[in-house]
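Here chain A shows up in two complexes: once beside chain B, once beside chain C.
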Partner chain A sequence: MKQLSVNSGQWSVVASSLPGPDDITRVELSNGITVLARSNFNSPSVSVSGYLHVGGLFDPDEKLGLADYVSAALMRGTEKRDFQEIYQAMESVGAALSFNGATHTTGFGGKSLAEDLSLLMELISEGLRQPVFPDQQIERLRAQLLTGLTLRAQDTRDMAGMAFDQIVYKDHPYSRPEDGYPETVQAITRQDLVDFHKKHYGPRGLVIAVVGGVSPEDAVDKVRAALGDWQNPDQPHPPQIPSVTPLEELVTHRVEIAGKSQADIVIGASGLARKSEDFLPASLGNSVFGQFGMMGRIGEAVREKAGLAYYAYSSMSAGMGPGPWAVNAGINPDNIDKATELIRAEIKRFVNEPVEDDELADSKANFIGRLPLALESNGGVAGAMINLERYDLGMDYYLRYAERIEAVTKEDVLAAASKYLHPDKLAVAIAGS
Partner chain B sequence: MDSSITKYKLSNGMQVMLKEIHTAPIISNWVWYRVGSRDEIPGKTGISHWVEHMQFKGTPQFPSGILDKAISREGGIWNAFTYLDWTTYFETMPADKIDLGLRLEADRMVNSIFDAEEVESERTVIISERQGSENQPMFQLGEVMRAAAFRVHPYHYEIIGDMVDLETMSRDDLYNHYRNYYRPNNAVMVVAGDFDTKEMKVRIEELYGPLQAGDETVRQQRPEPSQRGEHRITVEGTDDTTYVSAYYHSPLASEPDFFPFIVLDSLLTGPTGLNMFGGGISNKTSRLYLKLVEGDLAVGVRGGLPATIDPYVYSISVTVHPERTPDEVITAIDEEIQRVQDTPPTQAAVDRAVKQARALFAYSSESITNQAFWMGFTEMYDSYDWFTGYLDRLATVTPDDVQRIAQTYLVPRNRILGTYLPTKNNEVAK
Partner chain C sequence: MLEHMLFKGTQHYTSQDIFGSIEAHGGEINAHTTREYVSLHTVTLADDLPLALDMLAEICLLPKFSQEAFLNEKLVVLGELEGSRDQSSVLYDLFLENLWQDSSLRNPITGTVEGLRDIALEDLRGFYQQRFVAGNSILVICGDVQHNEAQSLAQSAFNQFPSGPEQKPGPFEEPARNTPSGAHLERATQRTYMLLGVPTVGLSHPDRSALKIIELVLGMGASGRLYQRLREELGVVYNVNAVSSVYEHCGYLAIYAVCAPENLTVVQDAILDEWGDIQKNGITDEEMNAAKGNYAGTLARRFETNLSVAGIFGIEGLLYQVEPFEQAIARINGVRREGVREAAQKYLNEDSYVIASVGKAK
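Take a look at the complex of A and B:
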């Protein structure tokens, strides 16, 4: 059948649209901030994202949720503007900015029309450097955070995920939810927020990416103007995390939530860190296992063949440390055992037999082919550049991505799968009625 | 964003809209059908959505399980959506691979199998999808409120359908629905991205030109009579959070009143994003946020003004503060509405809504998929001119217009007021 020809060439055009050393500007400021910039003058807007090394790992157990609370409070009032002035300035020009606490890091992300980038940078700087944590705003925020925890307690997906973490990361900081528990959030005082911010927030290790309708020079100048003179000599180094003790048996935990038509299950184990050399084989394996097409082999077994779920897929989250590698599914409570057995059987096959050649070829083609789409928006490019920096991938990572993917063999995939997953050493977490 | 497009009809009646965008080596292909839950009747609610699921279950040329792999292999994404008024399918792919998407949509417009076993396996998948929604209190509340808002009009039914119908519909019901609505003269095709229009037209003619036109589809017309007095709804459940929601019967997107209504919504609950794949902005300076959240009556508020082919509802949804009551929230909402009814907003407030819309437009144009979405979506209830003229029409809105909209539509007689109330566990039947 006739194929449609397109007026742009093929691989050459795709490759040249990928970010690389020739079109990413990378500048280290003297205070330890790394700035990444890439222009896209097709776009009248800009996207800014970044992170700093402050996260829930610094939280005391009895005040779990502290780092998250601080990050949510940064925009509640600064030395220069109160809450309403911040949002008035931002929303009036259609800009957006938010800070989000995670386990290892606190991230931020914003966007605006290119003409408003200076404002966006000022607000990022004020939020990071000059928050004042007004009493009234802090209490209002507390009510919102507590409501979030109430909603979490009734969300089958969230609760299954939390129960899973508590099995897999027993006695490890990853067992702690970064948004805390109602009693720990209640225990946090305004002074805790002030002290935590003063001690932990600083420029060393901060990475910021600016992408869009602005020249790299202009972007770097604006970041330098906003953050270049920031200092915190007492800024602590990120804490080391202990290693995860692998499960020795099948451990099941059920969370009862009243009045739910559907239960969620999470089945899996601790996976790997992003910097692990197993990352690409494991990712490709995970794609075959529970992502590719209609949710891979898991989707085929649980949804397509058995009709047991609307969603059933596997996810492998590899970050600074070893994240979960697990199957997630929403299942009618009557079918939980049946679904669990199907999933365990797929895990058994995945760790005992190499994936088929065509399965691996399919996932490789997908990984390479989807890059232009993933990098279509300013936000997508900013996120990709942030990852280059965070995980030391090298500026030519995307340019060499195809050859790295092609180099993975099915033996590599099997080795990675069997290293991290075992059908009899799994966490099975269930939440529902 | 450059807004020039090529728009024409094939001889079989299929409408085609093409837009060249050369910013990335990507093409997004959509086929929209004029069928949705508004075309359903009791006993067959949810059928449009189920048919959409079956469209992924294969044709003789592309058997089940082949399609999804083929798209993914080429690095593409694809999906489908069923709404009140329409059903749509899309593939976004590297530009040199889009032919697969074009062939696949032409094929499944007429050749889907609807295998009986696949229908049965999908029945439980869809029931599972509904059960997942039922886990959410706002779904439970919204379902009852919508039924109260539309006593006569088929917007009465949820898109997912009623459980009893999902349990009883047959393969032939589904197949007949497919045959009735999936035909070139009931479809709008949209292609946006990195292609040459002349070549694309030739290829579309090759693939879609031979498809037979069917009889013209007739959509049921059951206009909703005017509401005579407020409806109050309470739904009780085991979740611990209280919600308040207000629906107001609203004008059509094609009517002049819709644009000042957009400004009113922006003023009350914040600007609505134009990117269907996320991408709005915060609403912390909107009047209802200030009144409710800054007033410690609620922890969140949002609004929505959907564009539909028959009049629908404007909604305000509030998550109530744990220490407050629904009545306090309702009183506060009414006070804010009264305020805009009594005094028009300033010109500056209206100008601000326009600037916000300009930024949201810029964000939405970053994605070729999103640009293609808007071309087809607007065609379902008006035309693409609605989208290209959006900013200019917003700019003509006056403060008095906004006040008049509040006076006309945001009145108790015109609304359905809903509350989700947590009940003690032991009082609720499972």
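Take a look at the complex of A and C:
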């Protein structure tokens, strides 16, 4: 195979187009909101992305799913518009907006023509500040959420993932699904939604990024007009999360779901947080292990050579806290044991032997080369700017990205892999018939 | 099968090389197959255009088609066909099989278990040699590159491409329908998935624009007529929207709904009632403006990335003619309310629709 890589001359041209301190405007509003803005006048549209520190971590055990329910209800009616009026206003200009609840935060994302940015900001503001949780809409939404949970119970991939979280994050908030359980969603009342919103939603810590065919000044003005006077003096601080207790042995859990021709399996352990020093070595290692090309070593060993899986790859999810680092595979139920052993053997090799020079070089070039492609769209840039703020990466992070990637050695990768993964201390979660 | 086999190695590269060479530059290479064409694409930095073109040319011109890879891939695809396909893809296949009576558009893209078992490697090779020729292909390059340079690189990469003829399927006449047609596939699911639709027109037909307005008025997200009626007023669907496909010589407009089995008839009646209302009363100015606004905003966002633009122009160029953004907006803005009503009367025919459903009958 030809030796290929992104050369330094190419990178210097690319870097000039990446978001950095010279073209990102960052403004903190007096109520604690951080606004990030970047122009792209090649585009007639604008993307808005943001988050606030309200998530499933605040849910009481008996009402698990509450934060998720509230976020899903924000566009069901506000003090100014009912459900139909919200969607008419948005869809009649081809705009899109959604809110979604997660463990630590509630996120929002919208797109519109640049000329409709004021409308988009109005809708975001109304959703965040003035939801009215109409009875009828709330009950319809509950029915939808419950249907989703019923479908989840029949989904082998979802159930394997949940079983995995319950092993790896035993007695930790991350073991709880943020969309709750049928009985906890049933237990949530409209007043719970109202109270939760009133207490937890507020401007402090909210981050919003605006990217597209609008000047930074105009973007900041529009955010300030929509959210600048928002106050919630009672807004609580995000809770501290406890540390995760590492597994001391191989722990297997099977979820029986009748009538399934495919089983899903998740094998791995708790990984790292995004702010960890190990993040880039671990990410590059994960690429070699189960992402690059036809899903890295895992895809090659489990699917291509052994033919044991419909799909097989590794994933490493690093967020505010330590996310899972795991291999995911869809397999014929008859092959579960064989596939498990093969995956464990690959993990053993991954944590005991350095990756090959070629493997690391390919993944490095992939990471460096794909960055500008990921930042081609306004939405991609907005998401990247949000990450700068959320994980305190520094405004020059993307400009220095290639340099940071190039600095990672195969010894760094091995150290990260062996720190988080051990072939005899893994969670093995299986769902299927 | 052909699309899969193109990525299973070429004369100079293994399958891993194909993906690895592009991904080692941060790029992406992939393909998809529709009822009318196979599309291959790469996304790379502008400086890597020569590499991308070389790799695409290698895949298109020099596939290996080894017997071993063919048999392995056949087993994988057969496994997928015999395994658990999601309800929506099963539904679409059932709907199109019944919508088209004679056209090959009625055949599923993934094929059938029986058909796949019968395919020999020589069949696949023959099909490839007939179809993968310059006259039957289009190459779209979109991004930070000058036309002359792109053309030169493309000529260099594809200069060995056989110069065969264009092989578009010709126009076809479907037998007229005088009664609605239905098909149901029983599955042990809690929800029933339904498509109710009619044949419409192809890319070059003037009624295409009015039909797009009808599609948006009926199924434009949560503000569309059907969402408001079926979900908000009647509460009988989990999901509903309007969908359409426009092929070279024909197309369809359909309503997709997911509901409890016992609500299927109510949903069907409500859809036909809305069709009848548009035939009789047309749409309001407010609905027209909202549909046009939605079309413009959505299309503008689709023009945001090079891959999306290349896809739009590639399909249009292959099947009809490239339509720039402004021209598409002007075409839709030219639709009048009376045109919408006439199109509804012409196509939303309550005597000849097709309904397909997957799930429990009741």
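To be clear about the criterion, the second predicted complex is superposed on the first by the 424 of 433 C-alpha atoms of A that agree within 3 Å, B and C clash if a C-alpha of one lies under 4 Å from a C-alpha of the other, contacts with A are read in each partner's own complex, and residues count from 1 in each chain.
As a working rule, a residue touches a chain if its C-beta (ideal position, glycine included) is under 8 Å from a C-beta of that chain, and two chains touch if they have at least 3 such contacts.
Being a predicted model, the structure only gives us computed values, none of them experimental.
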Query = Since both structures carry chain A, what do chain B and chain C do when superposed there: clash or fit?
reply = clash
Request  = Could you tell me if A:153 is touching chain B, chain C, both of them or neither one (first, second, both, neither)?
outcome  = first
Message = Tell me the contact category for A:243 with respect to chain B and chain C: first, second, both or neither.
response = neither
Key: Which superposed partner A:305 touches (first chain B, second chain C, both, neither)   = first
Task = Go through the superposed model and pick first if A:191 touches only chain B, second if only chain C, both, or neither.
result = neither
Request  = Spot which of chain B and chain C makes contact with more residues of chain A, would you?
outcome  = B
Key: Residues on chain A lying within both footprints (that of chain B and that of chain C)   = 1-2, 4-6, 10, 13-14, 43-45, 83-84, 87-88, 90-96, 111-113, 116, 140, 144, 147, 150, 259-262, 292-294, 300, 304, 307, 310, 362, 365-373, 376-378
Query = Which of the residues in chain A end up touching chain C in this complex?
reply = 1-2, 4-6, 10, 13-14, 43-45, 83-84, 87-88, 90-96, 111-113, 116, 140, 144, 147, 150, 259-262, 292-294, 300, 304, 307, 310, 361-362, 365-373, 376-378
Key: chain B partner contacts - residues on chain A that touch it in the complex   = 1-8, 10, 13-14, 17, 42-45, 83-84, 87-88, 90-96, 98, 111-113, 116, 140, 143-144, 146-147, 150-151, 153-156, 257-262, 292-294, 300, 303-311, 330-332, 362, 365-373, 376-379, 433
Ask   = Can you list the chain B residues touching chain A in their complex?
value = 22-27, 56, 64-65, 68-69, 71-77, 92, 94-99, 102-103, 120-132, 134-135, 194-196, 199-200, 203, 206, 237-241, 270-271, 280-285, 290, 293-294, 296, 299-300, 319, 321-323, 352, 355-360, 362-363, 365-368, 425, 428, 430
Chain A-facing residues of chain C, complex = 13-17, 19-21, 23-28, 43-45, 47-48, 51, 72, 75-76, 79-80, 83-84, 188, 190-191, 220-224, 228, 231-232, 235, 238, 289-290, 293-301, 304-306
